[in-house]
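The chains carry the letters A, B, C and D, assigned in the order they are written, with residues numbered from 1 in each.
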Amino acid sequence: MYSILQYLKKGELALFIIFLIVFVFFSFSSEYFFSLRNLMNVSGQLAITLIAAIGFAVLLIAGEVDISIGSLLAFVALPLIQIMNLTESVALGIIACLIFGAVIGLINGYLSVYLRISSLIVTLGMLFILRGIVYLYTGQRPISDDLYSDFFFNIGNGKLLGVVPYAAIIAFLILAVFLFVMRNTSYGRKLYAIGGNAEVARLAGYNIKLIKLSAFVICSVLSSISAILLASRIGSANHIAGDLFEFQVVAAVVLGGVSLAGGIGTLAGAALGVMILAIVSNGLGMLNVESQWQMVVNGIIIIIAVGFDELKRKKS
Amino acid sequence: MFSNSFQFLHIKEISKEFPGVKALDNVSMKIKAGKVHALMGENGAGKSTLIKILAGAYSKDKGKIFFDDNEISINSPNDSLKLGIKVVYQEISLIPEFTVGENIFLEKFPTNRFGILKWKKLYKECKDLFNKIGFNLKVNEKISNLSISEQQIVEIARAIFQKASIVVMDEPTSSLTPNEIKKLFNVINNLKKNNIAILYITHKIDEIFQIADEVTVLRDGKLISNRPINQTSEEILVNDMVGRAVESSFERTLIANKENVLTVKNLTTKTKLKNVSFDLSKGEILGFFGLMGAGRTELAKAIYGYDKVSNGFIEIEGKRFSAFNTSTMVKNGIGYVTEDRKGEGIVKDMNLRENMTLPSLEFFENLFFVNRIKEKNISNEYIKKFDVKTPSCERLITLLSGGNQQKVLLSRWLLRELKIIILDEPTRGVDIGAKTEVLSLINDLAKEGMSVLLMTSEMNDLLSLSDRIMVMANGEIKAEFLSNNVTQEEIFKASVS
Amino acid sequence: MKIISIFLSLLITIIFSLSVQANPKRIGYIVNYGTHEWYQNVIFGLQSRADELGIEFEVMDANLDVNKQTQQAEDFMTKGVDVLIMTPVNEEGVVPILKKAKAEGMPVVLEGNPAKGMTTLFAICDYDAGYKAGDEVGRILVSRGVKEARVMDVGLPLLSATVLRSLGFMEAIATHVSATKVHELDGSGMIDSSVEVASAALAKDSNINVIYGINDGSALGGLQAWRASGLSEKDLIVAGTGAEGLAFLNELTKEGTPYLVEAAMFPEGVGYTGMNLAVDLFNGVDVPKHKVTPTLALTVNNYASYYDFDKAAQKRAINFANVAGIPTEDKCTKYAEDL
Amino acid sequence: MIKTIKNNETILFFIFIILCIFLSIYNPQFYSIQNINSILRSSSTVMIVAFGMTILLTSGEVDLSVGALMSFVTVIVMDVINITGSVVLGFIAVFLFCLFIGLINGFVRTILNVNSLIATLAMMLILQGSVYVYSMAAIYNTHLIPFFTFIGQGFVFKIPMPVIIMLFILPFFVLFLNFTRFGRYFTAIGSNSDAASLSGINNKKFKIIGFVTTSLLVGISGIILASLMDTGQQGSAKGFELIVIAAVLLGGTSFKGGSGTIVGTILGILILKVIDNGIILMGISQEFQLVVPGVILIIAVYFDNLRKAQDV
């Protein structure tokens, strides 16, 4: 009874329709858009945003926010690449990257939840701090992946049987897992409850602080996974990586109907939001639309979609 | 389905102090298993503090709590839940985005050992529960789609569903229909049979005599009396609570000249109202009665320009309005005091003075600037007039008690030259002492020639204050009475028709 | 290197067997920052040459986003252009793209910055460009009888290319007079942030007689900061880099401006050369690893022979022939590796 | 004035003083007229916009499109003056455009009811794109009108013009937020919009006014920036919105609305700018210009929270 269709009925239907419209439009207007190869490329391209968006949505649902993910993308790539180059082991690099991500998540969470500083402020500060550290450490020069391992290359660039990008597989696996967790586990429901009404959750005996902290960690760790994919795609730890990434993700997630107030929205919606923006930018590229027009179109889509969603809520 | 291990919960010399206030001053009481123990007292008497300590939301400064003779420690909501203490709070405390079932199971979702929810089990057990206690609600309905009273029921169901040994109910009937109240009392009796102890907080004295076995009265954080029900009476209780006798009826002198101020014609809104029409004359108090969802608040907000009017119009002294917002209504001499003081009344970041002068700031302007001296003087004047209990007019509004906040919200409008004031449940959550003051104030306003629209579910106030009474049900006016020749029964009948 | 040449020869044989008509049909260009004036002129150069050769030419703009750059490379491969020209957002970001392109058998030409695994690159010599400007400034200082050059370098550590320019500039001046770098700043190549950092620096120490900017924005930013600090322009010399667009021409042709020298890089020329290189690569002509494009120190006296500048209409037209006539190095004096 | 300084302003004030003392000791150049001028000049453009942003945040709204709008303004003002040769027409064009954008932001927020964070984020994208639709090439000063150059680069009694403009605007906003009825309305709306509306305040009207005011102030700052750069430059003022918001929050204005302070905002900006300046004075690598403000922001807000916790 909680099938995909059920989700869509629960409000994502409008998004799904928009998605279809956009999809059909490009399929007819561009000769290159509707080809297995291109669609597979897009699915690989949106993986980075999608994974981060899942974490971001989970945190928003719990009633907190983390706008430092863009800088985090650049920051956690440093241990990844450095350790890889040092130890010549991709695994160690990835582990280090995830650990660093988790630590940042813990710091953000601790400052917001335990020291009660608004998470927006904390992560805004963290946005500056992490980016600054990256600049300091790299001297604003990208650090190249000297290991040059095929495995690492394939994480972000390879395709299963030369068709399905591994990046896409990773992303959609993560999506599936978290869809289930948020809908069908007590942990997931607790996140919703806390975001929906923290006081009630407290009186229901939840350990709000711990759960919120975990949400921060989830957000940072997932962003770190995005960072790994990105690093693999650009073959380096890059100081300018993820610049304004946080804006892309916020836009996509809110477009997907996840409320900034917390407690409302689904990951299915967030994923749709990401996909819509992704195929729009790909489609416009295929039509040789200049980048300045692409920005304008994105802006308009966001306003229309979110505005439409609000009107719908008002009526009901 | 319930079990109980102890004979009584013993609260011993509990004290709790907040900056400036002694909320509880070594209060002791024994709550027996299988009995309903009523707890009464004005707002600020310390009832809610006591509840919050039992619920583990507050920590006590001094004193002990025992089950029989063995002491228990409550340091967090979790502790109190483990001990089987369940609290039904007055303000709805449910997750609006969740279904009824999910809310019932909020404390502990039924999961397998991997923490994965068993939805079927959840909804089945939930259905069984509702059948047992004789309420029928759709268990997979979203809370946000339920009426206030339905939500209240979910609250209660949620509390008693847990393996409770003590159920604390804070004003559980405040928004229930008489019919629902009957059902609730059945549930309570059912709990008694199962040897559950019930701590029952209410303002409504008549309820006490229907279900309570013992009554404890608090005043200003001190224990005043602790009596079995058969050794007390309405007078005694009121005396204990207020510390003085209260007269609760007024000499309404029905106005002779019917000079019309307000005409409402076929007022209709998308959400609720259907062709509401009536007249209001100068100095008249027009009472509105209706059960939850009858549309009184909607009517008030439509007249006041807060909700959009889809059809019909209103006339203020012959001046016609068909599309209007709150600011035009205020300019034309209408004021509105909301029923939802916390949500729509007070501005929490502002102090008493700023809250009081908010709608009438233009009167305090000289050139472009607000004259604070003048503000202070006038607000102090009103603080004296209604004796609002506050150290100064600069105190944050949130630090005042409900009754005092209400007085501030009323004086808000008295600073303006009002023709009409709309009062929505003006005495809700106001303690008895302040209540009579508020009522007599309303009476005086009418005497001075202000017209009043009075929406209240307090039948006595309605009858004693109003000149005429309109009875509403699902968005329409069902009946109109002259207050001096109508009985409570007639009004009830009209309201459920 | 070996692999590449093998792969190349393979490629060549394939292409010859397939195509009767030698020229490629479609060429794609991924620009790192297409809204920037310099790159608009590079695109103009590429486009002009493409039109002459009747080649279909498409542009995508990565807009300084390394991730987007990778996506656009994939998109171009999907579109199946014959040659892909790229200006890397930065050195390392393109390495995986080159790897992918190799697997796809798609020839790639880089502009500006070299990268690991590349086939060929067309770019100016940053060091030498800076050097020429420094040399010119040095001469002016000598002619003015100034003993010491006190330089404010409005730089950009983000790219090794821009670091090389500053280096060349300083070393050239040092051959004429004693040179001190008083301020080394990060103007991030934007005029507004250059104004910011420069005015702060000038407040610290305004005993400066040379301002060098690694591009026109930086140079003008430095100059604007100088003016906004109310300092005298009498003994100041400003040198910019790039001849990106109209900015330097406007300033250079002002009465009594301290903006005397421009290390011109002729973006249109760069584009023109680049298109030729792409075609050569496609046709299997043996291409150099680094095709150097012309640079020259422009002053108010000699600019007219390369650009005819219509100040009123704010238009400039390049003289491709004269630019092509400028003697160019076979290889640069210094590369990023030498840093 | 003294009355408007609340506790957390004093905290900020001390941070500011300590910074200044430290820097003066490190390098006496710090308190040279020229350096102070350069700090104030670069503060003024941020401040002018921050005044508007403070009011917006007080009413519970935010505007992320200020940076994008600012660079658009530099292009418009330069282009229109080049074409018409009239500074006045240039200004009129700018303010009409800003009015228009402010109204759109306001309407999308109040009519379409889109969260302003998202609405203005979208507007940011739209402006960043459309400025290049307006003109791909940067617009250079060909009109060479001295007065225009004077706005950004001129001095009056050794004080830079931008600072004078800022000082001229400043008092209006201090008085507005603290001593006028409308200032109090903004606070009420931000704190409890229902209560405000039920007190007869037209929320939508005032929110729109907030957005328009901010946009118009961006217009002023944009003109100053254009004069300072002597160019209409697309892509200038990058990340401006974050700096403004960070400064306002650092100043103690709450992001949730309901409490705002202009004095705090001013101190917030001065602190950030003194840090920027100090980092260059001390010749340490400019990357610290990112790290230090981040840390200070968190710490300052933390202390502010502690203070509030004691109050209640």
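By definition in this document, a residue touches a chain if its C-beta (ideal position, glycine included) is under 8 Å from a C-beta of that chain, and two chains touch if they have at least 3 such contacts.
Just so it is clear, the structure is predicted and the values come from calculations on it, not from any experiment.
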Common touching chains of subunit C and subunit A
D
Chain pair, B-D or A-D, that carries the greater number of C-beta contacts:
A-D
Distance from the CA centroid of subunit B to that of subunit D, rounded to the nearest Å?
45
Subunit B and subunit C have mean C-alpha positions lying a whole-number Å distance apart equal to 73
Chain-centre distance (mean CA atoms) for subunit A and subunit D, in whole Å, is 30
Distance between subunit C and subunit D based on Cα centroids, please, to the nearest Å.
35
At least two other chains touched by the same residue of subunit A: list those residues.
140, 290-292
By the touch definition above, subunit B meets two or more other chains at residues none
Multi-chain contact residues (two or more partners), subunit C:
35, 186
If we use the touch criterion from the header, which chain pairs count as touching?
A-B, A-C, A-D, B-D, C-D
Per the touch rule, the subunit A residues reaching subunit D in their complex are 111, 115-118, 120-122, 124-129, 131-133, 135-136, 140, 247, 250-251, 254, 260, 290-296, 298-300, 302-303, 306-307, 310-311, 314
In the complex with subunit B, residue positions of subunit A that touch it
1-2, 184-187, 189, 192-193, 196-197, 199-205, 263-264
Can you tell me which positions in subunit D touch subunit A when the two form their complex?
108, 112-115, 117-119, 121-126, 128-133, 242, 245-246, 249, 255-256, 285, 287-295, 297-298, 301-302, 305
Which residues of subunit B touch subunit D in their complex?
304, 306, 325-327, 329-331, 336, 338, 343-350, 354, 358-359, 361-362, 364-365, 368-370, 396, 399, 412
Subunit C residues within the subunit D interface of the complex:
35-37, 40, 185-186, 190-193, 195-197, 199-206, 217, 220-221, 224, 227-230, 245-247, 250, 311-312, 314
